[in-house]
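Before I ask anything, here is the structure I am working with.
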Amino acid sequence: NNSICIFGTGDFGRSLGLKLLQSGFHVIFGSRNPARANLLPKGVEVLGHAEAAQKCQLIILAIQRDHYSPFLRKLEDVLDGKVLVDVSNNLKINQYPESNAEYLAQMLPGAKVVKALNTVSAWSLQSGALDASRQVFVCSDDNAAKQKVMDIARAIGLTPQDNGSLMAANEIENYPLQLFPMWRLPIYLCAGLTVFVFLYCVINDVVYSAAILEKDTSFRLAISIPNKVFPIVSLILLALVYLPGVFAAIIQLYRGTKYSRFPNWLDRWMLCRKQLGLVALSYAFLHAIYTLVIPIRYYVRHRISTSTIAQAKKNETSTFSAVAAWRTDSYIALGILGFFFYVLLGITSLPSVSNAVNWREFRFVQSKLGYLTLVLCAGHTFVYGWNRFLNVAHFRWYMPPAYTLSLVIPCVVLILKFILIIPCIDKRITKIRQGWE
Amino acid sequence: NNSICIFGTGDFGRSLGLKLLQSGFHVIFGSRNPARANLLPKGVEVLGHAEAAQKCQLIILAIQRDHYSPFLRKLEDVLDGKVLVDVSNNLKINQYPESNAEYLAQMLPGAKVVKALNTVSAWSLQSGALDASRQVFVCSDDNAAKQKVMDIARAIGLTPQDNGSLMAANEIENYPLQLFPMWRLPIYLCAGLTVFVFLYCVINDVVYSAAILEKDTSFRLAISIPNKVFPIVSLILLALVYLPGVFAAIIQLYRGTKYSRFPNWLDRWMLCRKQLGLVALSYAFLHAIYTLVIPIRYYVRHRISTSTIAQAKKNETSTFSAVAAWRTDSYIALGILGFFFYVLLGITSLPSVSNAVNWREFRFVQSKLGYLTLVLCAGHTFVYGWNRFLNVAHFRWYMPPAYTLSLVIPCVVLILKFILIIPCIDKRITKIRQGWE
Amino acid sequence: NNSICIFGTGDFGRSLGLKLLQSGFHVIFGSRNPARANLLPKGVEVLGHAEAAQKCQLIILAIQRDHYSPFLRKLEDVLDGKVLVDVSNNLKINQYPESNAEYLAQMLPGAKVVKALNTVSAWSLQSGALDASRQVFVCSDDNAAKQKVMDIARAIGLTPQDNGSLMAANEIENYPLQLFPMWRLPIYLCAGLTVFVFLYCVINDVVYSAAILEKDTSFRLAISIPNKVFPIVSLILLALVYLPGVFAAIIQLYRGTKYSRFPNWLDRWMLCRKQLGLVALSYAFLHAIYTLVIPIRYYVRHRISTSTIAQAKKNETSTFSAVAAWRTDSYIALGILGFFFYVLLGITSLPSVSNAVNWREFRFVQSKLGYLTLVLCAGHTFVYGWNRFLNVAHFRWYMPPAYTLSLVIPCVVLILKFILIIPCIDKRITKIRQGWE
């Protein structure tokens, strides 16, 4: 018997009904007003709620939670022992004290309630554009009922995932209302740093020029300043990705065991390293493009032609400095190589790529190549700074150039890591992590 | 009992047999000429068709449809009640009036016919390079038989998808013969626009120069003109991605309900927005690279050095214009930011990424950041045009510059969208879409 | 009855226990020292090994293989008829003569041993960051036991794949120890070529300058030389991706049948074409960026301004050469288009994209667009070389410029392919491949 009952002939009910029909099920709608239901697909039955429910073992409730209460209680008898699928969503996270599915289960203790299908949208079911919603989470206290619903989901081309008992319903109902929860912390951090570095650069550069040199360089706000802010923040964030791993190792060394939980703040930090890294990659990408457009900027072209004309007038040519050539070429080459490995880290974070590699390979890329990236990027900045680094003569208002500051955290991370991979320490950590007694 | 029979010792039969053997099944081949079958993997049995079939409950037919007819009829008795898996493909879409599987089912009404496995290729099965063919579609009128075949498919590392009853066989047989059906319309549209804009620019630029200014600028065909065509078409296509959503909202507003189908043309348009957007992204990518190579072009270098020399000769330097610096820097910065969000839209269309986000997040990126992209790209073009926009003095043969035209559709989309998000209208649309009565 | 027993309260045991608990299972730990087990999640039972085993049908052994021997033999009676899940990993590939699971099965012939879950790491289970380890391989000689374990894996959010009988255990145990086995050959090949071309260019360029022209151009090692090495190696590798396909066709033509295996070296070559292609793409990417930074290099800026000043001094302007403009613009345009299709090939190799296209579409992109890429890239190099190609006057120490050499293999591939698609030959190959008799 493969007939399925759907209560509610709204958007979701209809879309689901059509899909089920196409996959070979027999679909019976239960409606308050069976006669009026005109937009339904051909080939389905439409009955009153009680008759429809009697004919099927499984009923999908495609109605809002608000309408459950008076109406379903009346059907208590006919729903007894049946599988009831709750697909409902709310408008806000944790809108009600208990999840909709648990509310339903309390209301109808005789029914086998399954929470499922709430993550797909009616429109995507209908149009086949299941882009963001092929995955459905299923939970129930009744295992057989859950299996049945998962089979149906698979039959209509969705990917069900078993989330355990009905206690998980709350989480499942909150899922479609979330908006990038794991990205929040990294993005706030990045925004904060961006604002800070931006202001620092503006003061150091535009304000200083206006105040002391009496030159209007406000046009630098569009490209020159952002092209300092993006790489500096990117470098700091990249270092912050590898800092927690170093802390974790130190804690394990200190405690002498891996069988103890990390402090909470460290745990949370470690879990958002992926997002932190990807935000850092975005900024590095912007830095790369902002750098590549340098020669087409009016300001740059003007400066170069002015200096050429000045030389021509003075009838002299600046002599070629092999050191300058080496310096610029090396810092650019280091930047490019750093960016390349950065992108590689990004590619391996794509879910489909990371799923196709094993744990050892993933760690190799993310950890080994990640540190290589950090070394290259820090090296790039060092060589860029060259001898102007701590040259106080170049400081404006006693402020060192921003890139000097950006190197602090990377250097700390690299020095600590360097200490941790000294053979004797490394051996101890490895032993601790293998957990042999 | 886990023995499986395969009829036909051809390429596909052999590859499948080997794979099944490796996954722990017992494989029995049925061949016209059991003695001659020499390339078969070690560990299989090879018998005549009848004997082979008798030993198994499930028979895979790895022979062409053309050979079904006289030969299978003879085996009607022995195949009665067995599961027959039809794996055959055709050479053309809808080659025969009925699908191969239905033809088989009519021929042998006693057998349980399952259509499956036709989307994997022999070579990929054999080599393990299942790149484009891990997914197999399965359909049958017999549910138990279908489940069995799906289990087997899973056991050999494939991902079966249940497509319902045998009526779906036609679609399944056509699937491997398709060549990007959803991309056709966007690509034709893009090609048409490309040709049109190209000709417009050639006339406006090269032909005009040749005819009026008597200057040969034909070399502009290689980079300068394409670098107008690509961004202009990209911008138009990007606007066309967001136009149908605006139309849909207007229709819903006008009808006052979401419970009515959109006109057919709108439905089709909305379903190919993803492809349209990706084609537009390709063009934007080409524009970005074409732009970045500008300073290494011989023509550009020559022009710049000529103008520098001319200034040096006249013993003067063009004065620095802060407005020009602001203008170029801002349009370039807008372009880069627009491109960045464009790429982000592209990344979230990767199936594995879109599967890892929920519907709300996907809509946030695709809809909100999509409009942001459109605003940035249109802004980029506006600032690029600056005061030359509708300046008739710059028109050649009364033709406005091409980028002026490219802004028409984006502006229409943005104005309509702006009207639609006015609070009172927006509230009405939201209400309509929530569908509460 | 959904209770599961875990032997061993170590890292893995605990993480797994927590996960199972969250998915609604009842978890019973078996430990040597039940009293001491303090870090275990709340809600589990901890007993001695024998008592724990008695209460469950399925026991997961979360202890090292080394500890199996004296300890499990003692429990032989209580484990009889139960499902034993071996999750153990080794430290080296093929560390022991037989796999851990087979060793276990020999030790306890009465138990139903299943190999599974060894590819997930404790940390990722605990933190939910299952990036590289959602996929688990399962094998067993007992089908029902295997199904049970696969259901459990699915329930905790993993993706089980059936790998057949216990003979596959060895492969499964080696899997997490592998480090990019398919990438090894391509990377060695690439490294070898890189070293060779690098030395060739250094001799041809830096050493020659130092020795004959007595000019120190060592700074060219940072960007100029790498920007020859990367594109040249990329082009050669790209050609090597398409060479085996041509060989295969010739062999099939010669033998007149597809029903014979290719020689071993060809098979292996064909299986690493994807990796070869991606390595080539990385180099092309580096070439693209190295090229785009050309105009911001100090050396280039200095050279250009020097030549401009020289012209200004001599009071002349080099005349504009339309041929030079055409030449540089065309080779750059060809390079960009080649790179674009190259990237497209890369995008379609992403597992999630290649899974979403059918075999015909995948072959269209990889084969047709792949050859187009090769043609464009070779064309780019030809036009770049222009008339300096075999111009012996430009040879240094009788060494032709490196890019001349890089064109040899691409030309061979393209000529052979051109011959193979001559209609009469093509028809014969198609016939052979369709396999009709």
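Residue numbering begins at 1 within each chain, and the chains themselves are lettered A, B and C in the order written.
Here is the rule we go by: contacts are C-beta pairs under 8 Å (C-beta built on N, C-alpha and C of every residue); 3 or more make two chains touch, one makes a residue touch a chain.
Just so it is clear, the model here is predicted, and its values are computed rather than measured.
**Student:** Note whether the interface between chain A and chain B is symmetric in residue numbering, meaning over half of all numbers used appear on both sides, and answer same or different.
**Tutor:** Shared-number fraction below one half, so different.
**Student:** If I superpose the C-alpha trace of chain A onto chain C, what rotation angle comes out, expressed in steps of 5 degrees from 0 to 180?
**Tutor:** When the C-alpha atoms are superposed, chain A turns by 120 degrees onto chain C.
**Student:** Can you check how far apart chain A and chain B are, centre to centre, with Cα atoms defining each centre and the answer in Å?
**Tutor:** 24
**Student:** Send over the residues of chain A in touch with two or more other chains.
**Tutor:** 292, 295, 308, 312, 350-353, 355 - these are the residues of chain A that touch more than one other chain.
**Student:** Going by the contact rule set out above, which residues of chain C touch chain A in the complex?
**Tutor:** Against chain A, the touching part of chain C is residues 2, 10-11, 22-24, 39, 64, 119-121, 124, 127-129, 131-135, 154-155, 157, 175-180, 216, 218-219, 222-224, 226, 282, 285-286, 289-290, 292-293, 295-299, 301-302, 305-306, 308-310, 312-313, 350-353, 355.
**Student:** Which part of chain A faces chain C closely enough to touch in the complex?
**Tutor:** My answer: residues 143, 161-165, 258-261, 267, 270-271, 274, 288, 291-292, 294-295, 304, 307-308, 311-312, 315, 317-318, 320-322, 324-330, 332-333, 336-337, 339-340, 343-344, 349-364, 435-436.
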